[in-house]
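Here it is, the structure in full.
The chains carry the letters A, B, C and D, assigned in the order they are written, with residues numbered from 1 in each.
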Amino acid sequence: MHKLNPEEIRKDFPIFKQRIQDNRLVYLDNGATTQKPMQVINAINNYNQNSHGNPHRGAHQLSIRATEEYDLAKEKVRKFINARYIEEIIFTRNTTESINLIAYSCGKKLINKGDEIVLAISEHHSNILPWQRLVKENGGILKYIYLNEEGRISPEEIKRKITDRTKIVSIAHMSNVLGTIHPIEEIIDHAHKMGSIVVIDGAQSTPHMKIDIQKLDADLFVFSGHKMLGPMGIGVLYGKKEILEDMPPFLMGGDMIEYVYEQEATFAPLPYKFEAGTQNVEGAVGLGAAIDYLEKIGLDRIENHEKMLTEYALDRMLSLPYVSIQGPKDLEMRGGLISFTIDDIHPHDIATILDSYGVAIRAGHHCAQPLMRYLDVPATSRISFYLYNTKEDVDLFVEGIKNVRKWLGYGS
Amino acid sequence: MDLNSIYSQLIMEHNKSGHNKRHLPNPDITEKGHNPSCGDDITLELKLNGDIIENASFTGVGCAISQASTSMMIDLIKGITIEEALTLVKTFIGMIKKEIEDEKELEKLQDALVLQNISNMPARVKCAVLAWHTLKEALSDK
Amino acid sequence: MHKLNPEEIRKDFPIFKQRIQDNRLVYLDNGATTQKPMQVINAINNYNQNSHGNPHRGAHQLSIRATEEYDLAKEKVRKFINARYIEEIIFTRNTTESINLIAYSCGKKLINKGDEIVLAISEHHSNILPWQRLVKENGGILKYIYLNEEGRISPEEIKRKITDRTKIVSIAHMSNVLGTIHPIEEIIDHAHKMGSIVVIDGAQSTPHMKIDIQKLDADLFVFSGHKMLGPMGIGVLYGKKEILEDMPPFLMGGDMIEYVYEQEATFAPLPYKFEAGTQNVEGAVGLGAAIDYLEKIGLDRIENHEKMLTEYALDRMLSLPYVSIQGPKDLEMRGGLISFTIDDIHPHDIATILDSYGVAIRAGHHCAQPLMRYLDVPATSRISFYLYNTKEDVDLFVEGIKNVRKWLGYGS
Amino acid sequence: MDLNSIYSQLIMEHNKSGHNKRHLPNPDITEKGHNPSCGDDITLELKLNGDIIENASFTGVGCAISQASTSMMIDLIKGITIEEALTLVKTFIGMIKKEIEDEKELEKLQDALVLQNISNMPARVKCAVLAWHTLKEALSDK
């Protein structure tokens, strides 16, 4: 496997043509959202200029082409995660909507008084709030898997929390705060033994590593297009066919029905049952193009590249005495995302000052307040890599950190 | 954005000195203010004498901008009336919203005038105004 | 007011550069979705190439720019419908999601056993199914306003159906099947007197006529970007501030919270409370550009242009003895959308054969099965105009109809 | 798409003639088939004699393609066995899905062969296969 060449890759991304106050744009906020290559931008343009119609509704050329483009994008997603059937792929708006759909629809069927739902304490708010509402309404119990000092989930904790009272386990594949890759194979395996279904929030993992959903054996799996070079406004819900078939619809309206009477209605088969109203075809097309791009580069090469950058960054950061890393300090089972704090300096000041050097990072609670409380930090700063980042980016970031210290009156 | 205009000497001094960051003995008013999106969290303590703010202090965590803004505000309000303090709050928020540009009026804000440029940094505006909103809240039913 | 020049306007729309089997593209399916001018396509491109970041989350340039673009788009929507406050504008995915949000959130608060919800029989499925589910869950009663022979709602029927038992009236401003513009001012006025709130489905009206939401006094109002030159994947929910403030959130997740604890959470103020997860900024930007474009041309001129085309088309269609018009035959209170049937010929055959002449129309139940059953037709064909349609389009469509008859072995 | 290859003479004849469109006296099997997205709605009636389909007819509404396809199918299945009929269903659906291209095999479909090109019109495929799916359903538990 030859290494990827990020400087070549950057040429595909028009955003990097700009300079931020005469600095190179060092974009290290990929955990929040990623940039788009021309290939994705052009695919959306082509669709808009040549093939736009309302799919599934008309018998004219444009409608047919829009339907074909939509279905093709779905097939690309199916192949990308190696799902068995195309009907197992539902397009949503983003990860958040996917989880809301599951909590509403699956939760309604599965959760009764006393039934337990297990999350990790590191979940994103989008994987907490829908479950809080569900247990409030249905009388279930919400339990949390805690992390050890290294930000990892131990086998004992899995067994302690996931028991035969557990009906649903919903957990992020990779933490968007700590970068930890959770042992989801073990979790899925144990949960299935306990008779629970498992939802995996793949928002942070899918863009950065090869997902084989059949091998993982997750029951439901969700992610967002905008974190993997695709457009905003398009997300994915994968579900095993037999599970999706059992779930009642979530959004109701046009295109998801079979027969509608004044007082009742019957629903269309999968996947339409879960796709109410006019879908985001251009979003799907853009996501399809993003997948083509990622596959052309190769997910394994992307993963390797990010590992290299993470190792390099951890090394340089740990050499600064005033920097603390939150989460795993070694490379094992972690992705290319690093949370850190700097002595005496608030994360927001770090982000603002780095920004003035063209370095884009994120600071705050990262939509994970329960984890922040658990770690007992009010906020952290976070950098997150993607295929277009370089060692030079890391160097500029580290230079920036030193400057932050200087600006705020501390020696470096 | 010019970093100098935000992270000025004055802000640094206020941020680091902490001369207003402590508890008051027997405060008359204790008011919490928080900024959920940042995690900034401060508590103002006020000692009144009639309608005069005799003493004031704060505790809590936050970025340099929110800490400095709080400290500057406390320097300003010690020894003035509630009404005068509320007028200062109006002036400060007016400055940040760019609704007040009259230099004479803004001068009353003294040190806090250096925060004028924060209005060019929408993501940080909340940090600058937190203490002031909290003070308004604290005095609102007096 | 000078007339608009559709041939000039067409030059802005790249889709019309193509030919369909060597025919001019006669796009008469605007009720389903509309085409995009270069101005919209370029706005999306510009955003993607220069300003993309995750809004509301970061303190770096791209995040700030994305936030500004998103807020600017919202302000454009606010001005477009003349809402009082920007917090009254919520971005959703489409009309369907907007109505689902309302039925879930508002319905949950307002509907108890025996409370009545009133719709018109002509509603789109998206304005029927969410209410069916609500009454099934909460024990409410779903009532329908019927139409008279001309496809109109009579004042008596309004009074008969909307009573002091009515809690919610939800009705389309303009029917997507009949083209009728319903008397929503009267309906809103009467419903308010009865103490009911009113939801207006503006999917078909907003693109084609000036909406002044304060004058209309609708409590909630919804529409889709993709039917008004904007992108797919972006829709709007307008609600009066005091009503939105009272409604519980619908989708739960990132960015709509204030504090999140393990077992509970508090929510952000309007409009964030209703915008969970990463929003579709590029969709919002595209919708903003579409609004700019529509306002530059002028909604009143667009409305006039469509009236002219509708009059011309009705005239030519009614002169063909085998054509029947569904819905109002005069121009009063109707929009630029005509449903019709042809003796002895099924609507799907009409659509397919017209398509071969480059004429794109829609055939079927138009997501309004209860209305089709009420009208006792299995399906209709529908043409719907927009600012880029011309009299030549109408002529080619009418020629096409004559050919349909010939193809299927009937004299013309 | 070439209209001639779809709206052919044969389709028109079947669509208009209606020679199979009527009720049977005392049918052994009555099976409804519908296509919610089109509104096409047909009812097949079959008269069996042992495992021979002695007679067949249909009623209902639909487009020219679904009506003609139904009528052609009925012409084909009258007088053959259930098993033979089910084989024809497989052949027809295989043809539409482009899974069967062997001309010899397809020839068994006789008139219905003209529907081969419908596979180029995805929006109309459902119209063509409705009757065949309904027949399969009708015979599935025989």
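Quick notes on this structure:
The definition used in the following text is that a residue touches a chain if its C-beta (ideal position, glycine included) is under 8 Å from a C-beta of that chain, and two chains touch if they have at least 3 such contacts.
All values derive from a computational prediction rather than experimental measurement.
Looking across A-D, B-C or A-B, the pair that copies the C-D interface, with over half of its contact pairs the same by residue number, is A-B. Counting C-beta pairs in contact, the pair that comes out ahead of the other among B-C and A-B is A-B.
Separating the CA-averaged centres of chain B and chain D is a span of 80 Å. Chain A and chain D have CA centres that are 47 Å apart. One simple way to say how far apart two chains are is to compare their mean CA positions; for chain A and chain B this gives 38 Å. Under the contact definition stated at the top, the residues of chain D that touch 2 or more other chains are 37, 121, 123-124.
Taken residue by residue, chain C touches two or more other chains at 58-59, 63, 257, 259, 348, 352, 364, whereas all remaining positions touch fewer. Put simply, chain B touches chain C in their complex at residues 36-37, 121-124. Against chain B, the residues of chain A that register as touching in their complex are 21, 345-349, 352-353, 356, 364-365, 372, 378-379, 407-409.
Residues 1, 3, 6-7, 12, 15-16, 37-41, 61-65, 121, 123-124, 127 of chain D are the ones that touch chain C when the two sit in their complex. Note for the complex: chain A touches chain C at residues 14-15, 17-18, 20, 25, 27, 29, 32-33, 35-36, 41, 44-45, 48-50, 52-54, 57-63, 93-97, 99-100, 121, 124-130, 132-133, 142, 144, 224, 226, 231-234, 251-257, 259-265, 276-283, 348, 351-352, 354-355, 359-364, 367, 369-370, 373.
Within the complex, the chain A residues that touch chain D are 56, 58-59, 63-64, 67-68, 257-259, 268.
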